[in-house]
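First the structure, in the form of structure tokens, and then the observations on it.
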Amino acid sequence: MTTSLELQHIGKVYQTRTGEVQALSHVHLSIAPRSFVSIVGPSGCGKSTVMRIIAGLEQPSTGSIKKNGEDLKNHRDDMAVVFQKDVLLAWRSVLDNVLFPIEIKHGKKQKKATVDKAMQLLKSVGLEGFEQKYPHELSGGMKQRVAICRALIQDPQLLLMDEPFGALDALTREQMMYDLLRLSDTYQFTTVFITHSIEEAVFLSDKVVVMSGRPGSIVKEIPSTLSRPRNGDTRKEPEFTEHVSAIRSIFQTQGILAEA
Amino acid sequence: MQTKTETTWMKQAKQKNVKRIQIPHSLWAGFTLIGFFLVWQLATMLLAIPQYLLPSPLIIFTRVLSESQVLLSHALTTLAEVGLGFALSVSIGIPLAIAIVYSRYLANALYPILIAIQCIPMVSIAPILVIWFGYGLTTKILLACLISFFPIVINAVTGFRSLDKDMHDLGRSIGISEWKNFFYLRLPNALPHLFGGIKVGVTLAVVGAVVGEFVASERGLGYLQLTANARLDTPLVFATLFTLALIGMMLFGAVQLLERWLMPWYSANKAGG
Amino acid sequence: FLGFLVGCGNEGGSSLAKPTVNADTGEIGEPEVEDVTLRLNWRFKGEFAPFYVAQEKGFFEDYGLNVDVLEGNGSTSVMQTVAQGQDDLGITSTVEPAQGVEEGMPITMIATYMNSSPIMIASHPDTPVATPADLEGKSIAMAIASTFTNIFPRFLDEENVDATQVEAVQVEASARNGLFLGKEVDAVAIFSTNELPVFEQELGYELTPLYLSEYQFDLAGLTVIGNNQFLNDNPNTAARFLAAMDEAFRYTLDHVDEAVAISAERFSDAVDEEVVRKQLLLLEEIAQFDSVPYGWIEEENIAETLTILEGSGLISDKQDAEAYFTNEFFQLDQ
Amino acid sequence: MQTKTETTWMKQAKQKNVKRIQIPHSLWAGFTLIGFFLVWQLATMLLAIPQYLLPSPLIIFTRVLSESQVLLSHALTTLAEVGLGFALSVSIGIPLAIAIVYSRYLANALYPILIAIQCIPMVSIAPILVIWFGYGLTTKILLACLISFFPIVINAVTGFRSLDKDMHDLGRSIGISEWKNFFYLRLPNALPHLFGGIKVGVTLAVVGAVVGEFVASERGLGYLQLTANARLDTPLVFATLFTLALIGMMLFGAVQLLERWLMPWYSANKAGG
Amino acid sequence: MTTSLELQHIGKVYQTRTGEVQALSHVHLSIAPRSFVSIVGPSGCGKSTVMRIIAGLEQPSTGSIKKNGEDLKNHRDDMAVVFQKDVLLAWRSVLDNVLFPIEIKHGKKQKKATVDKAMQLLKSVGLEGFEQKYPHELSGGMKQRVAICRALIQDPQLLLMDEPFGALDALTREQMMYDLLRLSDTYQFTTVFITHSIEEAVFLSDKVVVMSGRPGSIVKEIPSTLSRPRNGDTRKEPEFTEHVSAIRSIFQTQGILAEA
């Protein structure tokens, strides 16, 4: 059984030396098993905070999270996170960075058995030949791709991605989107995906969550009724344009997007 | 060693412009040391500083050479004590640092005791150790351990605490135990701090062993120095001190080599200097 | 160049300028300098009381001197600072100056207030070491690299004691004390004028003594050394100093209670009055100057010291006794 | 102190669940210390350890209280030496570390000398310093300085070298002199390392001052200990050691306060522990 | 006089432990004074490397750079850089981070005099009220905006920006684009701008440089003939679409963009 998540009236207050910052207020969201949920919203609205709370890295100040109906406090098993910053380990080669979760969770033996898969992943993100390089020898986008590989190699049931394609060019991005869709089809994992690209969100998701800023809250949830599997033709579906402009207009009324 | 050639952009530019033949830095350093000894030699000669106050380097070196057998055999004794004491120090110090990092309670309870040990001169503790542990090897090992302990613990604690939150979050997101988190993230991340402490610690261990020999021994460089002193043989005293310094440099150099070998990734990420 | 170093200034007492004395009154000439520093070889202990008595009771003042009595850190350091001229006069045992003169230090012994050695072996009465032969089968603690440690093998040899039967434990002084007091060892090598009363007071019983001086192992102690330059330039000052100390010693040994009180006053944090009293009484036993002023140096005493040191390998190039000391600064006919 | 409540997610969860009344950690630590002293007290009583070997804590504390005036006045002397010696140590050590960071030549030339100083026990150097600098304050200040010097330099060098390349590039892109680069980037970035070295150094400075008092003094805790030792007044020896430990803790605590005050941003960025 | 730059046959080889990496080969490019030049290209093609060489942070292995005709070796005066990673100083507040270049170059006094300007800048990027916060209290996009303010406050003659808007949402991005155009109009500085968005590049630039990957080299320079000032209507000009599809087709022939 895969993960179904329920965020119930989550609020989050950060304590800072210059006072409290209300980052989230009454965020209420349910994430169905095996679904692909995107979160879009202006910079600083609390997307990362939501993701960190789902990941169990941050405790909500109010509200609660339920997993399959049960209160969820600690770490979520079978979860993988792509952070907004590529947090690569300077002392490990690219390959060892990718294999890091395997080694740490299942030991050296399993790591060895997973090398082929890691090479495969690296190849699929265009990093063939860079396996033995160190993070400081990579470009920004390459680092981000390594971080994505590190998440995917874990075969998670729940994949959390915080602007994973931000530093990538259009083609690599496109390829990674297809890879991601294929994997989530194959392994049937649940994905929470943060992005600034409305098109990307609509293209990938079963549901797009639109947030508005400070304190962050959910303005609207837009289920995407595009056909599956998604491919080059998806963008040509009339619903695609519909959804995109629906979200655009929300942003416009919220003053988050200037009128065209 | 990328940084070596990249230190600052000013240097870089200069290097590009003026590609002259360069004498390696280490050679220059050797020259400086030789210069230092020369000044010393001249000073003792010109100021007629008597041998019993400060022997000239020439006399000391002559003595080091003529007594090299004696010095070596005593040095081996001392080195053994240093090695054992330092090994003990590291193998207690690092776990203790871990305990302190993970338990605020232990931090509060242990720090005062550690500081107490650190602030009480070894020459004061040494006689008590002799009475408790006898005048054998144990006492000297314990002294080497006690004296080198503190810098190792303090630096290790600072190092283990210096893990970036981002990285810690990565570990947590993978869902690993704090133990593995420690082993895979905190430990490698703390290495530069650890080596700082170990460099200080290993040289202090030499001091501890020698103090141990001052207090109770029939061998070792400390003993040699003491007997030379009793015979007013100042050149031999200085020859012993010279050997001690040599041992320290060797140990320090060994640690530095180990550091380079264990952290090849480090200098590439740093601005150098 | 080495010869140049060794050659400098150890002609000893015979070559120094002599003090001027008024033939009629026996009075010593005017002091060349009045301010003098005297460096003791340790922190306060009973045998130093006379120097403070001389200060407090005005004996130095009577002789027109202003002597600064300073605590020090061992005979070797004292000798080095005196040789360098940092201090004018210093207190050592006889061993260190004997070595120092050989090393070419410009110093001379001008007085020694213990004409019998305080070096002794003390033992618990239940494991007594009353004669050297008693040492066999016993253990003895001694300060590491001390004079005793250095002469001990020769002592055993001379007294035909089997060294392999004696367990000699060389440790630092306070570890030595602890081992002995804790009965980890049977005997201990100490100074009668220093540790003996302390130990006896702590243990509450008398220890069995064995004085090395009773076996022709007599190393004179509590010796005044002077910087040759200083002595040569200021013979009257030196003579006045010794004359003042002669009176001070006499006075101290005659008025032990007052000396103890003066010490306790000066070193309130560092002195146990009872111990100082006993130390002074023990000093009196080994400071025997009947027909001569206190501090007068017997040539045979120095010669014996040199013989022991040479036999123990502590000096290798023994010179005439005159090279080490002088009595020129004493006024015999007072 | 955000990290305090966030140390690990496991703890966090526990705290959320079981909000019971908590005894502060520092109190627990106090209890441990009291327990330690209790065991010691019982040991001396039950094993009948004689006073001149190891006095019971009760005797020591009684003595500390009854002699508090004496201890305080001597402690002030020692503290002054420590303060001056340590100040000297920092004010030479940091510039030296800077020199070493910027000049590979100096690094090569100075390290051997520094290691030599570090490996030669202060008890060996002390008599030589007495001969050169006399029995006065200078000797004690120099000893406190010499002994605390090395950890400060080593840690400072490690710290100054630990600047991230990215940050160095930022400085270069602004086009500032290496000097400002140092002041605005390297220095703040090195603070955690610096404080590690200073914590070790300040406690070592206490040892240096006391060793100085062993060889040349008429005041100070080292002097007090020496004379008490000569009188076999072991309780006073231990009372002195206790005072030394207290001084060490105070100095260490002061450094730690300074650290928190100068680096409020630090703990928030780190995983804590 | 503002900066004119000439990159002449620049090559760059990185030494790594696993061998040499040829990052750039024969990069030949001239940047006219006061012009706005964008660089687009796939991830890892050497865009950042070009920028770092222009900034003087990296020495080219072959070739040379000329500034106003003269050989350029060292630091370029009046230059400001926005790095791909926001390199904020953890020990400085947001305001102090922005003022960092001023303080360091002109001292505390000038810093004080520039506070108002910094506040203005922060406000314009939507960070009013965050002046006293510390970097770790900001979201990813907020940090990036602080880094941009830190560059702009220097009034540079040459502004180098490495994917500065990568972590920003569409509106903030749009606003910052207009701000940037306005500033470069006012102060007439030269801008080199790296981006993954072809639209962004065409919209902003006088010239778009298209790079292809490993070893990076320039495939094409496309001068943008759009009218100035650029505004909401710019995107509606036929040349806009022309340029965009010209670049797209280059990428497609290079295999950098999948055919639509």
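Note that the chains take the letters A, B, C, D and E in the order they are written out, and that residue 1 is the start of every chain.
Note that in this section contacts are C-beta pairs under 8 Å (C-beta built on N, C-alpha and C of every residue); 3 or more make two chains touch, one makes a residue touch a chain.
By chain, UniProt protein names: A, E = ABC transporter ATP-binding protein; B, D = Binding-protein-dependent transport systems inner membrane component.
All values derive from a computational prediction rather than experimental measurement.
K.L.:
Going by the touch criterion stated earlier, list every chain that contacts chain A and also contacts chain D.
P.N.:
B, E
K.L.:
Stepping chain to touching chain, what's the minimum from chain A to chain C?
P.N.:
2
K.L.:
Select the chain at the greatest separation from chain E, using centres from the mean of Cα atoms.
P.N.:
Most distant chain from chain E: C.
K.L.:
Just the chain pair, please, that has the highest number of C-beta contacts.
P.N.:
Top of the contact-pair ranking: B-D.
K.L.:
Calculate how many whole Å lie between the centre of chain A and the centre of chain B, each centre taken as the average of the chain's C-alpha atoms.
P.N.:
48
K.L.:
Counting in whole Å, what is the centre-to-centre distance of chain A and chain E, each centre being its mean C-alpha position?
P.N.:
Inter-chain centre distance comes to 27 Å.
K.L.:
For chain B and chain D, what's the span in angstrom between their mean Cα positions?
P.N.:
Each chain's C-alpha centroid was found; their separation is 17 Å.
K.L.:
Can you list the chain A residues in contact with two or more other chains?
P.N.:
Residues 17, 56-57, 75, 85, 134, 136 of chain A each touch two or more of the other chains.
K.L.:
Which residues of chain B are in contact with two or more other chains?
P.N.:
Within chain B, residues 9-10, 53, 123, 128, 131, 164-165, 167, 172, 214, 268-269 contact more than one other chain.
K.L.:
Could you check chain C for residues that touch two or more other chains and list them?
P.N.:
Only 76, 80, 84, 174, 178, 182 qualify.
K.L.:
If you look only at chain D, which of its residues touch chain C in the complex?
P.N.:
Touch list, chain D to chain C: 50, 52-53, 70, 74, 127, 130-131, 134-135, 214-218, 223-224, 226-233.
K.L.:
In their shared complex, at which residues does chain D touch chain E?
P.N.:
On the chain D side, the touching residues are 164, 166-167, 169-176, 180, 184-185, 188, 263, 265-266, 268-269.
K.L.:
Report the residues of chain E in contact with chain D in the complex, numbered from low to high.
P.N.:
That would be residues 52, 55-57, 75-77, 79-81, 83, 85, 87, 89-91, 100-101, 103-105, 134, 136, 154, 160 of chain E.
K.L.:
Along chain A, where are the residues that touch chain E in the complex?
P.N.:
Residues 14, 16-18, 21, 40-44, 46-48, 84-85, 126, 132-134, 137-142, 145, 162-163, 166-175, 196-198, 232, 251, 256-258, 260.
K.L.:
For a test of understanding, state which residues of chain C touch chain D in their complex under the given definition.
P.N.:
Touch residues, chain C against chain D: 43-45, 70-74, 76-77, 80-81, 84, 86, 174, 177-178, 181-182, 194, 198-199, 202, 267, 269-272, 275.
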